[in-house]
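Two complexes are shown next, each including subunit A; its partner changes from subunit B in the first to subunit C in the second.
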Partner chain A sequence: MTRTQIEKSTKKASLLSLHSWSGVVLGMLLYAVIFTGTVAVIAHEIGQWSQSQAPKDRLRHADIDALVRQLAEQTDPKYTEEISITESYNNQLVFFFHTHGTNPSGALDDIGVEYRVNEHNEVVQTRQGFGSELFPTDDTNALGRFLVSIHTELHMPKPWGLILTGILGLAMLVAAVSGILMHRHLFTDIFLLRSARSGEKLKRDAHTVAGTWSLPFAFLLAFTGSFFSFATSFGLPAMAMVAFGGDQKAMIYTLVGEQMEVSETPKETTNLNLMIQDASARNDAAPNNIVISHYNTESASMELFFLPSQGAIISKYEQYNAATGSAEGVKPFVGTEPSFGSLILSLIFPVHYGTFAGLFSKLVWVSLGVASCYVTMTGLQLYAHRRENKLSQWQWLPRFCHWGFIGLPLCSLASAVGFFISSSLGLSTSNWTPLAFVIAAGMVTILSVVVKPITTLKYVLLALTGLMCISLPLIRIALSQTGWISAVQHHFEAVLFVDLSLFVCGALCLYQVVNYLRQKTLSQSTLPEAV
Partner chain B sequence: MNRFFGFFRNQRFWLAGPLTTVVSMLCMLAMAVYFPPGVGNINNILMPLLMFPIIWACIFFYAYLTQHLKRAWFIIFTLGLINLAIIVLQFTLVKGS
Partner chain C sequence: MNHLIATFPFIVYATAVLILLTKSDTRRATFYRKIVPDYREFRIRKPIRMALMYSLLVPFMVFIVVGNAAGFLCYFGAITVIGWLVAEMPGNVI
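After this line comes the complex of A and B, so read on.
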């Protein structure tokens, strides 16, 4: 062997070791982040599905101008500095009249009054407080928010959860890059599944095939994900320290593109409905949210956020001078002037969330997310399998794999059951959704300890997951009375999509269980003959 | 215990682990000073943040795969020092003004 050959083989061994360890040390947490990330891609659809109410585009069709005027009259004038308006998943309009301040933990925050207005234009709920207290207790989106929060922060306190998910993003980046570097036959590996193989060898082939297909996806997601985590946890404050001498407010003004000089001279804001109609007509869609700044002053402005329209990739901010009613064009994603940084950032969002081609791109992202979950699972299982046969102290690892890999989807489904039951009983879904997850996690842990045969444990957990998948759409239909016919009539794709996905997943799980039971029965019946 | 924590005595662990993380953070922060801010005045904030995972990955793979550890220590340490000097200079200038 020449020196170059020795160096090459040492590097390959090092890369293989790095690839294995980046997966083994952080494998289970990485799986949790990838699995919940896959679910988070359709968080908007899950939000709509959980409320079973077809979107009515009220931000486009309701009399927003009259409602803002009416609510502004009964609100402390200091909170009219900024008014954000969104439509909740149960078709209520949510008006948050607020100003900016510092919350008890010392962080910059919004503080103000939130009004929820029903379809008859009646205020059904009024809450006052900091934005960081009000948004996490919004019961209408408790399920989607809970699942997304596992993905972004693993339910750990700030900023530690974000830092941990950032590290997991880097670990995924390491696994993806080392995977690319150590592949000698990257393209042939895409079709490496050899039918003659079985058991561990087949699993290794499947790991390589799924890993090779999802390599570009894993690389993109790891890069964008670690950017999101690190930028929000320590990146932005640290950059503010260097670029703005520690003035976070100045940095936010620069990034958000707010006016530094504001005139508080009173001037009646023009009819908001006209601006909304104009922007909606130009984008051929209802706005996703609206922000009105400095209402009833000379500096009044209005921003309408639109998700990517047909054929577009990037979301849009339409800006208006609300004092005169004139359109000021499309505002850059970040800052006041179009820039390269803003363009790149506006592309990162659709790439990470898979929103660049509607439900189709989301489906592709979900499929690749499932492939990445499979790669993480099989990687750790291969490692467990190899150790299980050699060392007695590694025997806990396969059990741990089943606990996590099947347990997490099962607990997520249980949190959805908790959401529906608490919602129907009039309890706080924000409390009961995570509580149902914790209860299910406790039960899965007990099962994992009590059920000794590892194969039995696997199929018990799979059977429970399958049953839960199939029962969830039935529970939803029973509690909401929004069936499939009604969903088709109202073009409510989210309900059909989530219900059908659950049925398919449930059927796949139960098929595996039935197959296992059939094989077990067959082997038992043939055993006496063999003896 | 030694079997599990033996990597603490490995030079490469300290080079590819803590030092790489600190140096890539210093690179990101120093870029806020010298990266062109552009018309929107935000490129020097956003681009370093976007590039942080790539900077980290480049330094990490170099530190992990190099056969010349001493040279790698020197290069990464010098890179860190240069970027630290840029940040210190920026703070001194801001205080002076």
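After this line comes the complex of A and C, so read on.
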């Protein structure tokens, strides 16, 4: 062996080691983040599906002006500094009259009164408190919020969850780069999956083929994901420290582009409905949410957030001078003037979540998520397979793989069951959705310890996942009375999309189980003949 | 929906090209020839394979020219997933 060959071989071994260890140490957490990220892509549809109520675009069609006037009269004037208006998944309009303050934990927060208004324009719920207390207890979005929170923070306290998911994004980048460098035939093997083989070769091929195809998006998603995590947990506080002398409020005002000098001179705000109709007509869509600042003053303004229009990727903030009713154009994502930095920042969210072309782009992004999950799974399984026969201390790894890879989807489905049951019983879905997940996780852990044959464990978990997938749409239909015919009549695509996806996933899981049982029966019946 | 409808013909084209590239891959053919008894080999000359491969980039140019950024990203994501799924097909299918 020449010196160059020895050097090359050493480099390859080092890269393999880096690739393997970044995968083994953080692989299961990375899988958890990627799997829940795949679910997070359709979090909006899951929210609609969980409530089974077709969206009615009430932000466009309701008499928002009359409602704001009525609610402002009964609200402490200090909370009219900012009014955010959204439509919940059960078609209620949510008005949050608030100002800005510091919560008991010392963080900047919104504080005010939240009103929920039903379709008959009646206030059905009033709550007062900090935004950080009110939003996490919104029962209408408990399921989607719970699943998204696993993706963004792994349900860990701030900022540690964000830092960990940021590190996981970097680990994904490290694995992608080391994977490219150490694989000599990366692109020539792009079509070669030796499916007739079994064991290590098949696992390696599966890992390489899926990894190579999803490589560009692995970079894209890992980078944008890390950016989200680190920007919130580390980047923004650091920027406040350096550029604003630690004044986070001044930094937020500059970034958001809020008016620094505000006139509190009373002046009646113009009809909000006219501005909403104007913006909706220009964007040919209903706004996603509305924010009114300094209501009934000379400095009153209104911002309407719209999802991307045809062919575009970036969402839009339409801005109005609410004192005069005049349109002030599209507000940049960051700051007050259009900039390259603002453009890049505004691209990060849609590119990470695929929220720019409705269900079509989301379907593509979900598929990319599945491919990335598959790469993580096959990578860890390959590592486990290489060691299970050689070293006794690695015997736990294949069991751990089944526990995590099948257990996480199973527990997520259980949380949806918990959501539906608690909702139908009138209990707090915000409490019972995570609790159902934890109970299911406990049961999966017990099963993983009790069921000794590893193949049996795999198929027991798969069978449970399949059954849960198929039963969830049936539970939803039974509890909500919104069937598929009604969904088609009301153009309620989210319900059809999620129900059908669950049926397909359930059928795939059960097909694998039936196939396994058939092969097992066949091998048992042919065994005596062979003997 | 128009910008999405515009991406469909390109996605269909890319699927056909990816199937052809997979079917005519020499390394894949070498492997499946040994294990699939009636494996039908499909050969395409290397320059044509290269031309087919580069033709997958043409839709990107079209999307840039017409300013369909959403179509650009959707097409990019779709060929990634379709390429993976086609490569996953066993030798007796593709």
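The working rule: the second predicted complex is superposed on the first by the 518 of 531 C-alpha atoms of A that agree within 3 Å, B and C clash if a C-alpha of one lies under 4 Å from a C-alpha of the other, contacts with A are read in each partner's own complex, and residues count from 1 in each chain.
Operating definition for what follows: contacts are C-beta pairs under 8 Å (C-beta built on N, C-alpha and C of every residue); 3 or more make two chains touch, one makes a residue touch a chain.
Owing to the predicted nature of the structure, the values given are computational and were not obtained by experimental measurement.
When the two complexes are overlaid on their common chain A, residue A:182 makes contact with neither subunit B nor subunit C. By the touch criterion defined above, A:368 lies against subunit C but remains apart from subunit B after alignment on the C-alpha atoms of chain A. In the superposition on chain A, A:421 makes contact with neither subunit B nor subunit C. Within the superposed three-chain model, A:7 lies in touch with subunit B and out of touch with subunit C [touch as defined at top]. Look at A:357: by the touch rule set out above, it reaches subunit C but stays clear of subunit B.
Looking at the superposition, the partner that touches the larger set of subunit A residues, subunit B or subunit C, turns out to be B. When the shared chain is aligned, subunit C comes close enough to touch A:312, but subunit B does not. When the two complexes are overlaid on their common chain A, residue A:470 makes contact with neither subunit B nor subunit C.
Applying the stated contact rule after C-alpha superposition, one finds that A:202 touches neither subunit B nor subunit C.
After overlaying the two complexes on the shared chain, residue contacts for A:16 are found with neither subunit B nor subunit C. The contact surfaces that subunit B and subunit C form on subunit A in the two complexes do not overlap at any residue. Residues of subunit B touching subunit A in their complex: 25, 28-30, 32-33, 38-50, 52-54, 56-57, 60-61, 64-65, 67, 87, 90-91, 94.
Subunit A makes touch with subunit B in their complex at residues 7, 10-11, 14-15, 18, 169-170, 173-174, 177, 181, 222-223, 226-227, 230-231, 235-236, 238-239, 241-243, 245, 251, 254-255, 332, 334-342, 344-345, 348. By the touch criterion given at the top, residues 188-196, 206, 209-210, 213-214, 216-217, 308, 310-313, 351, 354, 356-358, 360-361, 364-365, 367-368, 371 of subunit A touch subunit C in their complex. Interface of subunit C with subunit A (complex): residues 1-4, 21-22, 25, 27-28, 31-32, 35-36, 67-71, 73-74, 76-78, 80-81, 83-84, 86-88, 90-91.
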